[in-house]
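Just so it is clear, A, B, C, D and E label the chains in written order, and each chain counts residues from 1 on its own.
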Amino acid sequence: MNNYLLVPLLPLAAFLINILLGRNILREKAHWVSIFAVAGSWIVSVMILLDVLNGKTLDEDVYTWIISGTFKVSVGVLIDQLTAVMLIVVTTCSMLIHIYSVGYMHGDKGYYRFFAYLSLFTFCMLMLVMSNNFLQLYFGWEGVGLCSYFLIGFYFNKKSASDAGKKAFIVNRFGDFGFGLGIIIIFLTFGSIYYGPVFSQAGGFAEQTVNFLGYDVHLMTLIALLLFCGAIGKSAQMPLHVWLPDAMEGPTPVSALIHAATMVTAGVFLIARCSPIFNLSEVAMVLVALTGAITSLFAASIALVQKDIKRIIAYSTISQLGYMFLACGVGAYTAGVFHLYTHAFFKALLFLCAGSVMHAMSGELNIQKMGGLKKYMPVTYWTMLFASLSISGVPGFAGFFSKDEILWLAYAGTNPVGKLVWAIGTIVAFMTAFYSFRLIFLTFHGEFRGTQEQERHLHESPKTMTIPLILLCVGAVGAGWVGIPHLLGGGAYFTEFMKPLFGHPEAVGTHAEEGMLMMISVIAGFSGIGLAALFYLKRTDIPLKLGQQFSSVYRVLFNKYYVDELYSFIIVRPAIWTGRNILAGITDAKIIESVVNGVPNAIGGFSRALRKIQTGVLHHYAAVMALGLLIILAVMLLG
Amino acid sequence: MPEFVMPDLQPIMPEIALTCLALAVLLADLFIKRKEVIALLSILSVGTAACLMGDSLGVTFNGMFISDGYSIFFKLIFFLNVILTILISVKYLVIERVNFGEYYALLLFSTIGMMIMASAGDLVVLFLGIELMALSTYILAGFIRYDVKSNEASVKYFLLGAFASAFLLYGIAIIYGLTGTTNIQAIADYIGRNGLAGNPVLMVSMIFFVIAFSFKIAAVPFHMWAPDTYEGAPTSITAFMSVGPKAAGFAVLGRVFLTAFGSVRVEWAAILIPIAILTMGVGNIVALSQTNIKRMLAYSSIAHAGYILIGIITGTLQGTAGVLTYLLIYAFMNMGAFAVIIMLRSEDFRGDKITDYKGLAKTHPLAAALMLVFMFSLTGIPPTAGFWGKFYIFMAAINAGYTWLVVVALIFSVISAYFYLRIVIYMYMKEPKETVRLTTSPTLGLALAITLAAVIIIGVFPDRVIEFARIALTGF
Amino acid sequence: MVPLDWYLILSATVFMIGVFGFLTRRNIIIMFLSIELMLNAVNISLLSFSHYMQDMRGQILAFFVIAVAAAEAAIGLAIIIALFKNKATVHVDEMNEMKG
Amino acid sequence: MIQQLFFAYFSAAIVLLSILVITRRNPVHSVMWMLLLFFHLAGLYLFLGAEFIAAIQVIVYAGAILVLFLFVVLLLNLREELKTNRFITSWPVSLIICGGIFLLIIYSLRDFLLGPIGKYSVEYVRKETNTVALGKILYTEFLLPFEIASLVLLVAIIGAIVLAKRREKSH
Amino acid sequence: MEKTIINNLGFPVLSTLIFLPVAGAVFLLFVNRSRGTVIKGVSLVISLITFILSLPLFVKFDRTTHLMQFVERHEWIRAWNINYHLGVDGISILFVLLSTLITILCVLISWNSIRMKIKEFYISLLVIEGAMIGVFCSLDFMLFYLFWEAMLIPMYLLIGVWGGPNRIYAATKFFLYTLVGSVLMLVGIIVLYLYSGGTFDILELMTKTYPYNMQLWLFWAFFAAFAVKVPMFPVHTWLPDAHTEAPTAGSVILAAVLIKMGAYGFLRFSLPLFPEASKAMTPAMLVLSVIAIIYGGVICLAQTDMKRLIAYSSVSHMGFVTLGIFSLNTQGMEGGILQMINHGIITGALFLSVGMIYDRTHTRQIADYGGVASVMPLYAAAFMIFTLASIGLPATNGFIGEFLIILGGFAAKQWAGVLAATGIIIGAGYMLWLYQRVFFMQTNPKVAELKDINAREMVTLLPMVLLIFWIGLYPNTFLGFMHESVRHLLERINEGSGQEIAAAKNIMEILK
């Protein structure tokens, strides 16, 4: 138990040390603290994994956080299969990226700050995955959001960066709004917000409908959807995906760690965690599946035409996350988590490679201005190539197994929209392969299209960066092997491992079907690669032609379907406008203040008018007295 | 055929003593050049009278003179008033170049008039008391002979005063015709016995009384003299008038209406309530746009009359006790305010414009602080004495079922806060334009010390005063 | 036998004439005379009451009224003289140094 | 009958004279009419059996107070008075007000009921003269008011002196 | 009249807390005004001693009872049976501590920023402290009213004398606004006194029950006073002006303590004295609260003046507080009380911070800033912490309060909870936008030369930071004080009426 706590506490300690001493004492040695801390928690995580493999799970409170009436919540630790996997993913990626950052962030004036934030992020992420109740989850949830805010806006003097950070935070708040309400309703329903009691009692409310804001709704659907809001926000699913592409303003390691490998997958983790609730609501499941599918398609389509290397990967992340939701939606939580786990490796790798490229290109992001980097930076090239193969679902690579399992379970699963989402998934698989290799080809093959001095200064990145690449590459290739399906004579260990949590996903279908589907997706992948090769190696004129031919489509895609513009038009601007013109301008200034100031002014005017009576002429005074007498007499005698 | 029997002089001793001493002061003035001595003598004579008041309870001159707790309390207010007035006058008269001994004698005579009013048991005595007080005050108001404003003040005060007292006489005449007596108690009995309640003639006479007394307490619409007179009169006399005659007016108002017309309270309450509201309203509202501080305080004192009237209207002992308490407290805080105003007067500088107070806190922090306290007290903000006065009266009114009236009064008192605050604003929140030179003197300092101490101490420990007022009214 | 009411009406009439004079005349002396009129009106009713009630107090009151009238006259005229010294007018409506 | 006539004359004269008093342009004339008015009042008082007051009315009021007025009027020479207009411009308003009050008082007098009848009947007073009767009450029952009245007069004297007498402004 | 626990310390702690500062002020009267440092020193020492003396409350307070503690009772005005009756319970104690702490910070923050009339300034400050503590300790209505009003005078001066360009308007507005409210309360108090047969003793009045109509009238009479102080929509417009014009110390006191008195008044008087009326009025109160939350939030988006923005954010946050209080259940109420403390700390801290930078630049316009973070990193860090606390990030105190309130509000009325939750989004919007415009982006040349906060300023901010995390991570220290009192209060409200709204037990009850 106690040493388990080291997992989150070490990074926390690192954070505190760095933030307090980093600026003046540690300076460019700041990374040591963080790296050791993360390494420490990695080791412990591995131990935890082993424990869990020996069937040793744990659910304990550390200390009581809040007590108010019947509402009681503590900070606690829950160790089970899911946690174990997440721990490994988080700590591993985090550790490697810490190391990578040493080289990448070298000489930055915010060096210590960077590592402090990374450690803080790691801490929050670990709190999130290790939590045994919803509120602590929420704590980690907001915590990682905060870190991403910090890290996106790391170069805060850039307006775009600080904008992006703010945007990420606020968009997430929209999701958390639902999440929070979800937690509240969970408490009101179960009288507790601990996973244990909640999930165990959930069955009892399977048929319960309640009146929510005047509508009769199915209780579990309500809760599930509210939680899903949170997930959407954090995992950048439609319609709250807008923040993630902008998040690329942050340093590349951040994109790799937070916006690819770990934080964004928190949504998936949440749904997997709450599978007992989701399972009770078909509506929710369908919605999750569809959201995932549509998002993945949508994001992939945008990725096809982007020029910015990081944005391409970002959109691919969104679409891959869509995959995971799709999986959860069809009840294949295991597959979803499996893909989460594999994706973490190859997507982190992709980002780090991109970073390495940028490092060489001295910050250039536009792939149109690259090309032929293969010979300058072989390590980067090969690792990135492997990553792309993995993401394109080339058999044998990690991505293949997870993606394939998802598609198969979607197709064979009981979910009503299963077939549909399978179709979408397959199309997306094709697109993924296409844009991934478009990226590879444009970047590493062909002639260099950049400027002279850029070319002169091209070089392979330092060891601290390449070594993590290689290590991750190992993951990107091999991570999938723990889940080789029986069909291919594998043991499907991962599924077995997860069984205690998610049970065995029921799939109705023969091995033949499974095999056929596998073929289809593989074909899709390869055709995508092939098409990319055709477009960007052989007939480099085609893309341009297409671009001109379908210019409108192209523009829409390039501008990400104008979603950002839409939001700023229907939410941001109106809010500020109302604040300025209606509330401040009219309600406060005109209505309330006119009363507040009007009354005194009126009295003042009255006063000045009343003064006139006091003419200073004695006769008038006497007359007033007499008049008073007259009135009193009249009223008292006649009235 | 009644044989002449020497009436019991014990109850009336204070008045007699003060009269003799006043005459002595008058004579002393002939051969004492240093007027400070005269002032001292006057204070001593007042002191003597006060001492004699200790065992003066009783009724004498076959019911024409009543010395009860009620009157004694009022007399204390009068003594206080006259002493403070004398204290603030000493230096001031020199500045105004009217440093004559008669001034003090007249103050004393006026005070005697008030005392007689307070213990009048007969309308004749009451009338003569009023005249005694009024005539002396007319003269004092016009005491600065060479000053046109002072003349004007006294002319206006005098003519209107005479006008009002004619009405009072008419009222007395009618009531005499109705009841065949002028003794207040007898009138009450007669009205009760012969069921005169609701008789229009009685009503008319009552209304005449209302006019006369309203004039004395400066209640709207019979207040018109007050602003001009207060502004024109010597500042010390303004202070004197704003407390003494007002209190005396309330004394007779209470005596006549609660005793003689006690049985027809409903009727006169119906008359007084509108008057009270008007008084508070006009007083507070017109005060807002004043530029001369004496004039502003004139309107403020009108407004205060309005609050106090509420106490009378309730017609309960509690209300009357409220009136007593309020008047006592008002004496302190108003005197204090005027003491500060007098400080600003110097040979070449009138110092009665509100703008003269700009930045006083910077040039004379102490004076500003004092004024601050008095202003907040007049507003009625705790922990100053002013609050308890209002509180007492309002509580009585609510107790008598006049909650709405109290709400009205409170709204007006909020309005009043605005013009009292204006002084504070000028003193503390504006920059001084030219440095005003304060003329201070030990006596003035003493007056300020007394008033300040009273305002604060009563503000924090009002118990004594309240108890005293209650005891004073036992058997009223 | 003359009914009491006649006297009362007479007194009221004189009184109101006095009031009217006071309200309208500009000359301070005449205003003052008007006040004297009012006082005398009061005296009329006092004496008539005393006569019809067969009670002496009325006359006593009237006596005091006259005394006070004398006193007021003394003061009033003194004030008038003082005023006239400073401001050579007896027109009251011209004294409006202070207003508002 | 004779009484009615008597009263009719006096009341008519009194009203007329009062009107004259307040309407004359020249104050001297007003004072003169006032003098005449006082004599009529004295007569009325006699008729009401108040010899003493009637006497005082003539001696003190007419003899002292009015003469004082006369002095003052003559003291301040009022040449311009004869040119300027005597009433303030808004006198009609005042007229209405006064009329109103007058009517209301008369209206209220309808149901006036007199107080108790005392012992000083005409005969009783005739036994010991009015003056004696008056004196007795004045010095027994009304001693206090009498004393106060003296004070009032004293104050009046002081006041007159303070206000009117020339005196060098003391430093 | 229920029993109370007599002060079990060696000395009359509450009186000391009230009158030590006042005594200090009196002492300052006699210090020569030219001796600036002496004056500052004395007031610092006084406020420190007061704070230290207030700590025994924190330690010795018996959390297992709702009874009044550290009680002192002396006859004061026998005539009206007004007593000098002091005591604290779980609801009031925290405010006493807050007041004593805040005063120290105010003395520190004013150290260099107040240059003219130093003497009067610190006198006012100390008097205010005494009055504040008095308000929270009074168990006698007149005593309470006395402190409540006495507070006005020094506060009025504080704003009016040492404030900004438009200070006179702001001060007068503040004074009259508050006065209008409190006079109506005075009427209410007197009516209570007369009805209850002559007692001003709060505890005694609480034992009686009042006819419904009377309760209604009185509720509104008190509402007038408290709503203005809170301030609730629509009587909030004095706050922005007062905050904007007041000197830093003034704003801090206003935000931290003064406006809490309103909400405290609801808890201490309105609810227990007029339970039926309060329950009947709950919907209205909730509506007003929700309006305040959203209105205040949205209007913040339009502000160009830092202090004004924070002032409006106070309106929004106090909306949360009233929402919690009138949700009439444990979570809501405890959340409300805690949120009052939180808001005191957070907004106080924000005003302190703004004051610090204002002293350097003498502008409050957001547009005049930008990129401050790169010149004043420490300051930026502190401000970030306060910002996060203000938008209710978990692990800061803001979260605990707001979460409990929304929970309670939702349990009371679903829409209330849901709408209130939107306030969290808006809050994040305006605070982060403010932070971005001031601290991020290109460094504005106007601020390029600024120095980072010095030791004194750090000392000023440190307690706030610590408290933010203390309450955020272990709120039970503070919630522990309230449980009993809140439970008792809710019992008081529910007695008589059958239905139980104390604790949100089961969704079926709330979501019906």
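Going forward, a contact is a pair of C-beta atoms (placed from the backbone, for glycine too) under 8 Å apart; a residue touches a chain by one contact, two chains touch by 3 or more.
Please read all numbers here as calculations on a predicted model, not as lab measurements.
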| remark: Winner on contact count, chain pair C-D
| Which chain lies at the heart of the structure, taking centres as C-alpha averages? | E
| task | With centres defined as the mean of C-alpha atoms, identify the chain lying farthest from chain E. | result | D
| Measuring centre to centre, with centres taken as mean CA positions, what chain is farthest from chain B? | A
| field | Averaged-CA centre spacing for the pair chain C and chain A, given as whole angstrom | value | 98
| Taking each chain's centre as its mean C-alpha position, how far apart are chain B and chain E in Å? | 44
| said: Could you work out how far the Cα centre of chain A sits from that of chain B, in whole Å? | reply: 79
| message | Nearest whole angstrom, what separates the Cα centre of chain C from the Cα centre of chain E? | response | 66
| task | Could you tell me which residues belong to chain A and also touch two or more other chains? | result | 600, 611, 614, 616-620, 622-623, 626-627, 629, 633, 637
| query | What positions in chain E touch 2 or more of the other chains? | reply | 176
| remark: Listed in rising order, chain B residues that touch 2 or more other chains are 124, 128, 131, 135, 138-139, 142, 145-146, 155-156, 159, 163, 176-177, 180-181, 200, 203-204, 227-228, 418
| Pairwise, which chains touch? | A-B, A-C, A-D, A-E, B-C, B-D, B-E, C-D
| said: List the residues on chain B that touch chain C in their complex, please. | reply: 124, 127-128, 131, 135, 138-139, 142, 145-149, 151-156, 158-159, 162-163, 165-166, 169-170, 172-174, 176-177, 180-182, 227-228, 231-232, 290, 295
| Residues of chain E touching chain A in the complex | 173, 176-177, 234, 237-238, 295, 298-303, 329-331, 334-335, 371, 373-374, 377, 388, 393-395, 399-400, 403-404, 406-407, 410-411, 414-415, 417-418, 421-422, 424-426, 428-429, 432-433, 436, 439-443, 473-476, 479, 483, 502-508, 510-512
| note | Residue positions on chain C within touch of chain D in the complex are 1-2, 4-10, 12-14, 16-21, 23-27, 29-30, 32-34, 36-37, 40, 43-44, 47-57, 59-60, 62-64, 66-75, 77-82, 84, 90-91, 93
| said: Taking the touch rule as given, give the residues of chain A at its contact with chain B in the complex, in rising order. | reply: 600, 603-604, 606-608, 610-611, 614, 616, 618, 620-622, 624-625, 627-629, 632-633, 636-637
| note | The answer for chain A against chain D in the complex is residues 617, 619-620, 623, 626-627, 629-630, 633-634, 637-638
